[in-house]
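Look for chain A in each of the two complexes below; its partner is chain B in the first and chain C in the second.
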Partner chain A sequence: MAAIYSLYIINKSGGLIFYKDCGSAGRMDTNDSLRLASLWHSMHAISQQLSPVAGCSGIELLEADTFDLHCFQSLTGTKIFVVSEPGTMYMEALLKHIYELYTDYVLKNPFYEMEMPIRCELFDINLSQAIQKERVALLGR
Partner chain B sequence: MIGVGKIKQYTNVLDKPLSKGKQEVSLSAFAFLFSELVQYNQTQVDNIAELERRLEDAGYAVGARVLELLCHREKGNRRETRLLGILSFVHSTVWKVLFGKALEIGFGGTLVKKVLMEVSDRFQDMKDGLLPDAWDLGEPTMVDLWSCLVLRSAVQGSRIESLAALQQMNLFPLEQIKPNCSPVADSLEKGTEHEDEYMISEKELLVNRFISILKDMGTFNCGAFVAGIVRGVLDSAGFPAVVTAHFVPVEGQLRPRTTILIKFAEEVDTASFMSDMSLGLNALLHLNLHAKGTTERSKIRMMFTQVSCSLSLVSMFELVPSDLVSISSETNASLFIYRNASDVAYILVCVDDIVNTGNHNSYDIEHISQSAYHVVGCLIKDVGQLHDFLGVGVN
Partner chain C sequence: MQFFGGSEISPSPPAPTASGNNAHMMYVFNRNGICLLYREWNRPLRTLSAQEDHKLMFGLLFSLKSLTAKMDPTSVEKGNLGVPQLPGQGCSFHSFRTNTYKLSFMETPSGIKIILVTHPRAGDLREPLKYIYNLYVEYAVKNPLYTPGTPIKCELFNTTLDQYVRGLG
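On to the complex of A and B.
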């Protein structure tokens, strides 16, 4: 029972740089995930304009019948969003933690080119550990 | 009040005192700086080997300066002339100052740990000029004791516990590890049976903490920078060496360990290792003299005797440990057997007695006693033909 279905990281221009799916449900092929990422990027930008008050920073949570989508945008415009089961808690904290892992193992890696797809072994390892810990903690609560 | 708390201004930067410096540096800041160093060098080269060489050269510059600074700050301007001294300096002081942690020296057995603590306590006493005249071999240091214990473990090489202790030490002379003792030692031994090679091993180098090597870069290791630092330190101290960094896969662990391999140049005297052993024995002997209680004394004496005789045999006959078969038991006896095509010699060591028998004249007791004197600084008296031993009559 996976509380988290999938994880996406998109760069500041809307291109998908990292995609990970954590369960059988919601699995997508490459093209679909790319389309979804750019679609989300546009919707996120539009929502900032739609807001009736000034200073809106975009969509943070999208709730649907069968899933929740939590989104975190960093100061640099990199967006990390996760598709999860409805009602999953503590996703914001997880997103922030994943952002920390991103700054550590991706940005400090000299062989990573900015805005390119992420191919860092250490990032993958630590990400799996974080999600695993999250899963265990959720079952425990 | 005017003038209170005002910092003295120095006109010339060379007049400023060398401060202790900041003890802590932001890891992230260092990681970004190092990442940029690697990226910059990547733009200047055509291939991976060239990149590795450039990183090493960058580290070399650091190493040379680090040696000067640490000799002034930490060691009180004392220059290392012994191989083990400089290696120990590298793997404890340099590592502690640069990377914030000393590589641990592990020891097998609580007795040995106790001995080590005792030595560090007694060291003060010895430093106060209480050395007897007979021990004209210099001041014993922690390095001496440690090196002495390394040799003991190595000579008793068939015992797995000693090897585990050696592995924990993170620094061991390669040729003295027996090949069939452990998979880690195996992978390190391949192609490196030279006695001038030493290794420092660490779970993960600090510079590699955030770096993931791409698959198509092969065996490239950013630890080449650290290897360069070590080479800089050794070279500037007068021990020219070739230093490289390697990943060593460990079974059961996802990430490989990193090993810094140090291969000394021919002009470096690696045979001085033996004289370091003798200093270690000296330390042990001092310890023996100061030990309280009979059980402690006898344990220390046992260790001392075993090592001293192993040592005298090794240095005298130029035997490598694989030629020595040591059957150690829980009592104080150690039996050494030397065998080659035509000769055989049996040497039995028991606390402070040595019994020697064999079919070759040159392995006689005089030879042993001479070298033992040279090595351990104590006289072994030849009492002639053996008549009884441990209460058993002998014909």
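On to the complex of A and C.
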């Protein structure tokens, strides 16, 4: 069964603005998630420098032994990445959908300050719904 | 921990397909970060000098391993970020893909890291990497004139490697 373990959103400077844990074993406290997000931001940038061909836009998929990490970078530099079970399909579509939710419920919110941590209830609700729908859809396939 | 037991004494390469060069480059590092081998077959873009490129590659892999060990969602007991991991300890990644290349990585229990950079649509290259490690053992390590920990300068190893990589469909 395919599952999403956690979701991170980082701003263009590499700071973590949103983190959601959907069932990974073991605790990850705030500091750790902040450090991991910044580390990912740097690794994403370095991978562009090591490309043998011009036009690299950074890591899109990282495959490890026990998880896969899918990353989506918007044109503005905001990165959304999700830690999922190995072999989970349709993650790119989910990431794009989450980006749409981000633009609708976060960016269009007049009280939201750019690059600050996201504290929008409607975004949380819709995000949970999207992840739930994805889980149900994947079970059905 | 993975062990590469059960290999033949002289490995026979699979039949080559006529697909030409589809690997860009390859690195082999030892546990101290010394680049033992750098082979380049197709690299249009070179942003840094060779030394800096090797250091950056090694640093990237070191940090990515640290990140995957910490980010592992299935392990309860994780070390702190930045603590050097022993080979085989903690979750490690085996490949990452960008829009322009795919990097496949393998680390042996002795700390030898083999990195192969190919086009992004390449499949799972873990078996080819194990085969390349066997080539390294046969042609480089068993060579009595080769000093471990120094860059590999074995002509036979290079030609066999080129032949094998060219045959990777």
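Keep in mind that, in the parts below, the second predicted complex is superposed on the first by the 136 of 141 C-alpha atoms of A that agree within 3 Å, B and C clash if a C-alpha of one lies under 4 Å from a C-alpha of the other, contacts with A are read in each partner's own complex, and residues count from 1 in each chain.
Following the convention adopted for this analysis, a residue touches a chain if its C-beta (ideal position, glycine included) is under 8 Å from a C-beta of that chain, and two chains touch if they have at least 3 such contacts.
Here the structure is a predicted model, which is why all the values come from computation and not from measurement.
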Fit or clash - chain C, chain B, common chain A: fit
First, second, both or neither for A:Y5, with chain B first and chain C second: second
First (chain B), second (chain C), both or neither touched by A:M114: neither
Chain C versus chain B, contacts on chain A by residue: C
Which superposed partner A:S42 touches (first chain B, second chain C, both, neither): second
Partner chain in contact with A:F123 - chain B first, chain C second, else both or neither: first
Touched partner set for A:E63, first chain B, second chain C, both or neither: second
Minimum Cα separation, chain C to chain B, after superposition on A (Å): 30
Chain C-facing residues of chain A, complex: 5-6, 23-26, 32, 35-36, 39-40, 42-43, 46-67, 69, 83
List of chain B residues in touch with chain A within their complex: 28, 31-32, 34-39, 42, 210-214, 217, 222, 254
Chain A to chain B touching residues, read off their complex: 104-105, 107-111, 119-123, 125
Complex interface listing, chain C residues touching chain A: 24-25, 42-45, 47-48, 53, 56-57, 59-60, 63-64, 66-68, 70-78, 81, 91-101, 103, 117
